[in-house]
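A short write-up of the structure that comes next.
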């Protein structure tokens, strides 16, 4: 549980951050220089806000009204800094065990697991000075994970890692957050990471948190295109697991009483899941849909059509109550004679609903 | 004999003098300036430092040494004119004790031993500081050296030996009578016979580069005003 | 150079004892002072800084005299120490070490302060986020990273302690075997009309010892640098 | 023109780099710790290779055989380091003009343009110490650009920038490289960036350059999945511009005599262009394809079908001579009875061919 | 404290002149030496390092004596300089500055070397990739970043130059208005039985000047630090 409502400044830039989440990963997203790192440092206690309140899992860490300002070392917030900040005179191993040795924190029994996950076993005896950029970043992640934190603050932790490594670390963070109930505040410019991981999304712009809320809601808001990047726009759809097909490796979901198939995940039948579906991955059909490799065909009604710059048009459709965004060419909108109120078939490539974009709720 | 005679032209004389002559020479120098109009600039330092500087060509007119050895040394080295060497004052050695322990001291082993207790005898460093060297010769001749040799506190100069006694850091010290005379916190507890050591003399000389009339200041010290200055500093003038 | 005579041996071993003692005792205090000056802001900052530099600004004889007044057997601190702990500085080699330490102190505080100021506070912040209390951060982050500066301080301090003369002779006299270090022996030789040869021998001896200490320190420094900058 | 063939080491890791390109952007891609930064430092002259040869635009910078080793300062290689390396005591402006002031380089008249492009005008009077992560990175890019380099070496230059800023900088680098003929060696983990920018791609693995060649060729190689990440697998298709439709904002291409529509770009009719098409964006139809918003329908023949882990199958198809990869569920492969030799329709969402993935040749 | 008498004024202004001259002349040489020791590896490295530290290890009187022999009017260097350039050190305030500079030199080289060693070579590399020749890198990157160390060196050097006594009195004697700095005047006062008051006044005076110099240097240092660490 994260409760943040602070005022402060970063140089000339006034900071006004106000966001809350009941559980899971909170993503901070915004342009370079928007104030994301400043906000994370305030949460960690490294910069003092002028006023406001910071509470995590019910523990108040800062409250200007009540005169509370828990010192950094007692906040127990694992901080992955944007610039690694490894201790240059200590071996990688000592960096990783620093919290236990120098901070008297009980190290979770996970040392080997974390080292393995991050692929840093061959580096343990080395010193940070000679590590590559990505290696440093991984050690910094490990150091924070092994500090038995009450919460994690991660400032672009995966920025210089290759896609393969990212794909291994993200599920781990996911589990850490949802199974071990350690809230994560996650700064990233990669919307894919954010969508995969976050439950709540806060958009920071010019020092202020301009939008915050459940990720589905924020991602679907058309007005945030500038902040999130058009390429990544999409919607979040909730469904219930109704079947597992082990042979084909597919999981079947029911979304507003229509069926949808996604690559299998070990989710119990009956569970509710959330899918991020990018607008660019949704096509529209008005007639028969036989003989197509696209398995997911949802009957939707068009609610609105927005013309965008260039060749694009954006459709806001409804699957029952839920919004689904589709991006087409204006040419196709004309060709198919699409207009609000019309009921059409939304085609969603099964495959386009990538593992990463399924999140258990 | 020539006191009061005007110096011949020199506006300013540079005098290198042993630090222990500071009070006496400064007083005499002022008197000299007011009579003759010749200002005297003193450089006070350890005799040895001054001697080596003269050897290296220091631009001094006069050199006042605190002992004969160094005067001989510079004369041999050709740094002063041997013809101008003259003794201007003499001094003697005394035992001093901190002011509150002023009872007289007998000059024998047991008395000194008893007075020292576990403490040390402050003297000038016997190898390098003239006062220390005289003290060693005197104590040797008096048969006392072996008794105190292991209990010395050899000091960089006599003033520090004096200060050490004044502060009660050592129960006894050997210093010049001139020093003891001007320090209120010490008492003279014994005088050391003048014949137990070579005469303690302050020789002065002019350098070869000295300005004309520089030697007049040496003569002035032997006149009444010079004598007064020496005496008030606890030294004994020489005729 | 022919072998050393007993007096030279004595002066040499005494010098090493005095300088090493001065270094060992003073270094922790210098580290503390360097840290305080580097990282804390408080009203007496300027005064503390000034006091530390005083032994550098005043002629050593004056410092020695002040030591004599304070730490002599009759001095307020000296008499207290003697009565309470039985520690005597007066005319003792420990006094020589004290004088050497006091004179070396400002030379040691500066490089340490400089090195501590150069430690990136971001690393100290990182240590704090990992739960380290301030003293632990100091012990495991700040000081290890300031080690090159501490080493430089140790070298300056040791060299100065070896060469200290004015304050030592004033405070604890020039007693062979007790307080007559190489520097004092060398001074004594220069004060003697025919002391040139003795002075020359002692100069060579001091120089050799100093060079040996410097070379050892360079080796240590290079190891340190390698340890911090990386490698296996 | 880049000609690199060197041997050396990074700690225990032997480095063997061998790659060449005749023009344009050369991307270095590989896992964290593979040796990319080490290779770039060898090119810049900061690390000395044990043996080999480095030549750029015909000038030999290093040749162990001939005893040539041009000193760093005379190599004129603008280097964007992975860790910014700004001069902390100089203002941002002085950092940017450093090469002119301290390196006696003629500054290209582009100062204002570069500052504007990077959005760092408000920062000019500041010092690097207080800049945000992304701001530092942008200043570092500007500093290298303004050093009138003969070549640029950029080590993950855009890693911590937001998508919007990236989208502005990438075309600039593109122009710089192709119009000003400044070769760029570009290290990145973001395949999207690489695909957008690079002409040549070199894969680095464990210190060795394991594959190098024209980007289309390397990206299509199935055996490099591990290095490139499955999510990003795709193919590069060449086509010729045959028409511009200003009304709909579409450009029509001819690919092996079939038509394909992509969002407009100002490319002259007759020009050849290259498209990256991700396998996950290609669907297959076996029957009629009326009433679909998907405009691009290419007749292709299936050449091979590879079963992948989980629900996936990968199709290698041919459009004439050119390869096109498609990723489907195994379920769909069975449902549609797909097999090698069969001729089917490949559906490619127009929109899925994003601007970023069109590169002029 | 009542106003200064003329002799005190003279000693004070002379001290400032001597210390400032020593600092200005020595600092560039110390920077050069610090750079050479920090960044170059060559066969004579250890010897150079040792020579630089010698004035610290030897008693000041010995250093002064060596200066007298070399730079005196009859000395090889002294006579050469006098004949060729008309520069005289002997018994001149310039000689006092020379002595102060020589004694302060090792104290200055150390912090400078330390600060230069702490400059990140990665920044020098970056400057090289931007086309800077080595000297330019030194001038615009290395030295500016080592400025805190150079400032520390200047402070130590100035303080030592102010307080230098042993080498000065041995080399250039104790001539009022010419070589009698505050330290020498203070020494002279301690040699006089009734000199306590004079000595006390001079001690206070020296202390006040030193504190003023230190406070000024702290202000400069803080500005410097702010300039480097960021802010507008």
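Labels for the chains are A, B, C, D and E, by order of writing; each one numbers its residues from 1.
Quick note on the criterion: a contact is a pair of C-beta atoms (placed from the backbone, for glycine too) under 8 Å apart; a residue touches a chain by one contact, two chains touch by 3 or more.
Predicted, not measured: the structure shown is a model, and the values here were computed from it.
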Fewest touching-chain hops separating chain B from chain C: 1
Most distant chain from chain D, judged by the mean position of its C-alpha atoms: B
Separation of mean Cα positions, chain E and chain A [Å, integer]: 60
Mean-CA-position distance for chain E and chain B (Å): 35
Length of the line joining the C-alpha centres of chain B and chain D, rounded to whole Å: 91
Residue list for chain D, restricted to those that touch at least two other chains: 11, 83, 126, 130
Per-residue multi-chain contacts in chain C, two or more chains: 61, 65, 166, 187, 190, 232
Shared-contact residues (touching 2 or more other chains) in chain B: 46
Sites on chain E touched by chain B in the complex: 61, 64-65, 68-69, 72-75, 90-91, 169-170, 173-177, 179-180, 188, 190-194
Residue numbers on chain D that touch chain E, as the complex places them: 44-46, 71-79, 81, 83, 85, 87-89, 98-99, 101-105, 125-130, 143, 147
For the chain B and chain E complex, residues of the former touching the latter: 14, 16, 19-20, 22-23, 41-46, 49-50, 52-53, 56-59, 157, 159, 162, 179, 182-183
Partner chain A, residues of chain C touching it in the complex: 122-123, 125-133, 136-137, 140-141, 144-145, 147, 227-232
Sites on chain B touched by chain C in the complex: 46, 48, 51, 69-70, 73, 120, 122, 125, 127-129, 152-156, 160, 163-164, 167-170
